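One chain, subunit A, appears in both complexes that follow, with subunit B as partner in the first and subunit C in the second.
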Partner chain A sequence: MIVARFPKPDFSSGYEYPDIVHPAPYEQLWNWIDIFLLVALMGVVAWAAHKKHSRAAIVGVSLFSLAYFGFYRSGCVCSVGSIQNVVLALTDSGYQLPLYVLLLFVLPIIFTMIFGRVFCAGVCPLGALQEIVNVRNFRMSRAVTSALSVIPWIYLAFTILYAATRSQFLICKFDPFIGIFRLGGDVGMIVFGVLLLLLSIFVGRPFCRFLCPYGALLSIFGSLSWKKVEVTRKECINCTLCHMACPVDAIRPPYANKVKEDRLAGVKRIVMYAVLLPVVTALCALLIGSGSDALSRAHKDVYLYDLIQQVEANPEMDIPLEVETFNGLGRNVEDLRTEVEAIQHDYKVYSYLIGALIGLVLSVKLIKLSTKRTRKTYEIDDANCLACGKCFNYCPQEIKKK
Partner chain B sequence: MSEDLKKSPMDRRKFFRTCGAILAGGSVLGTVGAVASKLKVSGADVFWQIDPFTCTQCGRCETDCILPVSAVKCFHANKVCGYCDLCGGYYRPSVKDLNTAAENLMCPTGAITRKFVEEPYFEYTIDEDLCNGCGKCVKGCTSFGNGSLFLQVQQDLCLKCNECNIAKVCPADAIKRVSQDEAYMLKDHA
Partner chain C sequence: MKQKIYRNIAIVTAIFMLVVAIMLGFSYYQMQKVSPLQTDVMETLKQMNESQSDNSELQQQIRELDLIARKAYFVQEHQLKTGTMILIGMAVALCICLNLYYKETKNLPEKDMDPIDDWMAKSKARKYIQWGAVGLMLAGVAYLVLSNVSLGSKDGSTPEEELLAEAGGDEAAVAAAGDSIAVEEVDSVQTADEASDSLPIPKLTYNAFRGNNSSASSAARNIPTSWDLKAKKNVLWQSAIPKHGYNSPVVNGRNVYLTGADNSARELYCFDVYTGELKWTAKADKISGSPSTMPKVNADTGLAASTVATNGKQVCAIFATGDVLCVDTEGKRLWAKNLGLPDNHYGYASSLLIYGNELIIQYQNNSNAKIMALNVANGNQMWSISPKDKIAWSSPIIATLGGKPALVVMGNPAVAAYNPSNGAELWRVDCMSGEVGSSPASSGGVVFAASEYAKCIAIDGASGETLWEVSDYLPECSSLAATSNLVFCATSYGMVCAYDAKTGEVKKEHDLSTPFYSSPVIVEGKVYLFSNSGKAYVFSASDFSLLNAFETGEKTFATPAFTDEMMIVRTDKSLYCVKKG
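Then we have the complex of A and B:
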């Protein structure tokens, strides 16, 4: 493999080859310290949110996690991004998932199933950053927040598509805060990150609520959690202070359902939903599935094949570096085409799947919006509650206790 | 009796909720279990590294790393080097005078230094602190010499991004995830 154009020199002065040692990678121990701290910090938040009812401890965890996971460890690999590694490991037989990445993915889910979204509260550096800068929160109408809360699911769906087809890691590409943690990086994303941070001064956690795909996943486990976060263990006096304090709009006000629906209308509604759900799911699957060829251009090989076609069609254009390299390495266009066809087949399958996922989420959200439940007191919505503990300090019942 | 009736819908909801939670939790655990059995998990970490034999020295390593100065550096395999005076990696092609004037040298940052060993041999050394990974010398060495200069990701500088920014744009697909024992792909070992 090595072309020896010049023979090995024949030294007569007793010259010896220098011994060059290349610096070893960072110790793997750091990965395990990360895992240990992840568990420890989630434990602290769980204790603070359930037992101690203390916001101060959660802010402390946020600051620590921001400094350690964010700025010191520079953010990679994180739990949010680990979705992609897991998907890649499932679809790419050549990729072995490192155990600590699997733990980064699974541990927050396990904690969420037990204690609610304690990971989001302050252990996640992305959330912690927004939490620290948040001063006021202007409440958006329920229609707006409901519409925006679909975005994380769409983001998640496309993340799965691009990771499963080995095209790119979407979450890493569009991570708005990584440039801030590393004090450098893609200018566009840093500008976007700074804008998001400016927004999060006035609106609680815009990234967590309206973008984060891992948050979307955790919201399911949050609503199933075993121990629920409570504003106070004492009786709620319906003072509305916790509702006003909640940065993520996860505390629902009391509501008297006065709509009296007769039985037949109710049955009709359920039948309609039962029809609507598969129809919307199928429609979305068809919609995304039909665009799979256009989406597949995100894959490097498909893009390369496209470029080669362009050069063939228009020989006068400047030959792009990709095509030049392809020709220089003496690769075969026919082989590339079979590869591209296989990739496009994968894209077709996964596009239908993620289309169905998006459709399912859309219809479930619609159905959820149309159900009305009577609430006598202020209640926490476990799917959206991030266990940040802001409400604790506002509840008069809690203050009285202290 | 009427008290019981009034209370019952809430209890029923609670009952359904618990059943639903158990059902959903169970199915989630089941899926996770099924998925986990398919996962190939390894205790070892992965690193990014350049295969020097597929690298085409396109120059993107210098420009596309997210670090201000790329983590990709030029390495030198002394055992492969011919120790020539007229070095394709040290001098620019078609130089008139073989001296160390900047206009004659290939390296834009002056990271390559050489030391006279004995007639007619020179020992070449790379200063990794100055190297920006542009690969100009590597191209010269690979085209006209033995190919003893080659690009590698210097592992203590690499931030190990979940997806390497250079790998995304590498036209030769030379950057791959490798295991710890392959953290460097050195030419003097090949």
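Then we have the complex of A and C:
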């Protein structure tokens, strides 16, 4: 609840409130420059990652992107946040999605489908910032990182819920780096951003791997990409250097399947997860759907109605600023209640949907973690590879070639 | 050597960052909680200012304190931002130092070459996900269960209140079913509280405008037919009313309820029926949605024209602001809400009625007129309908039609009956026009309604069929009262009459040459009526012959309330009790 820190003055001071001034719309030219640079930088990374195997070029792109998209353009609108605009456009016929924002959303996906996650490599200012501060990687347990990789999907699900219900843009609200790019903002988020950056010094890309919802989406397209990033085109000598260098643990070592588990038991496990998939999906849908009323309190109108109910139930309490404003505007509580009922209906529908999505992700993840594969050489996990090119500088074959 | 320097700088920077981060976190937490202008000192000074509004030194002191508090807050905010920038700068320095420190070694793998057991990692990851998912689900279920428990009492009402409301509903349903005047037992709490008092607690209730169910009758007996306010003959007490209002008193037990309002406050009063002592005042303030400035209302209507309603447990009042207030018999607020400022060019005037656990409101205004029922225990809306009638100033009644209780309301152009349990329309007769201020009456299953510039009509309550309609004498503000034989009507142009309830024929008329806003009430075979000038008239209810008429000396617009051997009259200035002796 916002504290009514500075209530309206009790006396008439003669002060006249200035007219509300809205900032001028962003110049179209800059929007198209953004798009041009987005395409150009992704092209450069694709060229560096696939053709030249040049880490230096990718770092250069990261620095430029950080300076331009991050600090100069203040990190907004970014492709990560554009998910919300797209969801809103799909669910609210009254919202006109700007072409510029649509391109910000679609272009990285197209590039990922062709070249892998070249956007994540260094074009995304959020990733670039983490990349630049990363000094040395202390490898986390693979079991832990595999489990944590579910979080971005849950974040994505709730992002969809809150955008579709016109409640708030979660990604923007909880963007940990926006305060750093703008050198100001919510102190709590800046502190969180700084802590995340400190973690990034020793752990590769924590935001990209364990939080970024757009990264979760791109991981699907990355695994299906046409051109795969390769550590080297020459024969892998299994030196393990690329694996140890990868900041996001996306290079899988050779693995001889020595599991003593009976093959039938493994198959049974996969079948069980497959059978449970609809059950888990339904359970999650039911659970999140049941909590839709509680979730809906994130919507400002529901929150306001809730406050009004509290004030009515407890007339002795201080009237919160929101309720005071509501009263001042002369709005009708019954009308508000009608609106709130419509909002809660929307929440009900979308909560079931995102619950199902979370259940589906959990089930698929479990099935994926139940598969066994034998690898003879080091292989790149295309879903998780961010095409940062760090491995290029470690591969003896590449060094030899250069 | 250089590496050591970088390492040490990094360590110092990290420690410094940690300290700054902790300080920032603490400061941030403090700022989230702080309300600089809501300190005890400030509140005390403000309270002092209310009683010493001409003390300029005090006001200056408040202003200075206000300024200091604001400055302190913004200085702290500035420090917080500065600290954040320092933190960011330190983070950059730390990165640089660490980069330099690891310059020579960062290209080397930091771990041994043991192969990772891929399958073990996957197995562990599966376990983590499974347990994590189960844990989250359990937490979600626990949250849902707990929040549902709290949601169960979200409306603010306790189970006891719900039970009370239901109990009240039964009583009212019984009362309405018989179309008779309810004789209710007062609750045991009241009895215990007042056991020491030797005076008996009145058994007869008069719970709304014109009595229970707004029936315009009372079972009271031994009401004097003459009294003298100045000589205090047959007048038990007379008390001043703090604020003005045109609403009428209602009586339940020893309590007399009425309201008053002006631009500064809207208040509900409780007087002692035996002593006239003002027992408590409940203010209708701090209600969310209540307009900060009072609506413009006609002087003949005022801000408190609507009569309150009670069921002996709750007392509800409504004002021209759209504020509804519900208190218990001790004046403690149970709930309050604003229905929205009524768009009403004369001012909101419709009175309240309690039926079962429903508080029925004929919410009349130009833009979104409604008839609604709120749960009297907690104010939650139970049902609401929006008839397409124009604005009116009439009040609802509960009548027994076809053997069942029905809500009857007058509007423009319809007189309509509804199921009081859900608002479903039973019948509707378009017969009114102009500005409808009068309220209907009912007797023997027939509904009687009349309004100036329209007609007087009798409607079969079971079928909605019009039985008769006349237009000899029509009321403006005063409402009808009816027995099985006669329908009594008082006009604003000085004529009063009795229509034949079966035919509509004028059985008796009197030209009294004085306007009537107050409504007639049938008590013990008599009709009591007050003119605006304060002249009291007592008629025979059987033939409408004038039994007595005398000046009381005080203008009277409200309709009197009756209880055991007592009549409570609200005048323009005061409230008094008429009782033999």
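In this text, the second predicted complex is superposed on the first by the 363 of 402 C-alpha atoms of A that agree within 3 Å, B and C clash if a C-alpha of one lies under 4 Å from a C-alpha of the other, contacts with A are read in each partner's own complex, and residues count from 1 in each chain.
Just so it is clear, a residue touches a chain if its C-beta (ideal position, glycine included) is under 8 Å from a C-beta of that chain, and two chains touch if they have at least 3 such contacts.
The shown structure was predicted, so the numbers you read here are calculated from the model rather than taken from an experiment.
In the superposition on chain A, A:326 makes contact with both subunit B and subunit C. Set against each other, subunit B and subunit C touch different numbers of residues in subunit A, with C touching more. Applying the stated contact rule after C-alpha superposition, one finds that A:22 touches subunit B and leaves subunit C untouched. When both complexes are overlaid on chain A, the residue A:311 reaches subunit C alone and has no touch with subunit B.
Look at A:150: by the touch rule set out above, it reaches subunit C but stays clear of subunit B.
Of the two partner chains placed around the shared chain by superposition, subunit B and subunit C are both touched by A:184.
Looking at the shared chain after the overlay, A:264 reaches neither subunit B nor subunit C. By the touch criterion defined above, A:31 lies against subunit B but remains apart from subunit C after alignment on the C-alpha atoms of chain A. On subunit A, the patch touched by subunit B and the patch touched by subunit C overlap at residues 3-7, 11, 184, 326, 328. Subunit A contributes residues 3-7, 10-11, 132-133, 135-139, 141-144, 146-147, 150, 179-180, 183-184, 187-188, 190-191, 194-195, 197-198, 201, 240-241, 244-245, 252-255, 257-259, 261, 280, 283-284, 287-288, 290-291, 293-294, 308-309, 311-316, 318-319, 323, 326-328, 330-335, 362, 365-366, 369-370, 372, 393-394 to its touches with subunit C in the complex. Per the touch definition, subunit A reaches subunit B in the complex via residues 1-9, 11-13, 15, 17-18, 20, 22-26, 28, 31, 74, 76-78, 81, 84-86, 89-90, 93, 95-100, 102, 106, 113, 168-169, 172-173, 182, 184-186, 220-221, 224, 300, 321-322, 324-326, 328-329. For subunit C in complex with subunit A, the touching residues are 17, 21, 24-25, 28, 32-38, 46, 59, 70, 73, 80-81, 84-85, 87-88, 91, 94-95, 98-99, 102, 106-107, 109-111, 113, 115-116, 118-130, 132-133, 137, 140-141, 143-144, 147, 151, 154-156, 286-292, 333, 335-341, 379, 381, 384.
Residue ranges of subunit B in contact with subunit A, taken from their complex: 21, 24-25, 28, 32, 35, 38-47, 53-54, 56, 58, 66-68, 75-76, 78-80, 82-84, 117-118, 121, 123, 125, 144-147, 152, 154-163, 168, 171-173, 177, 180, 183-184, 186-187, 190.
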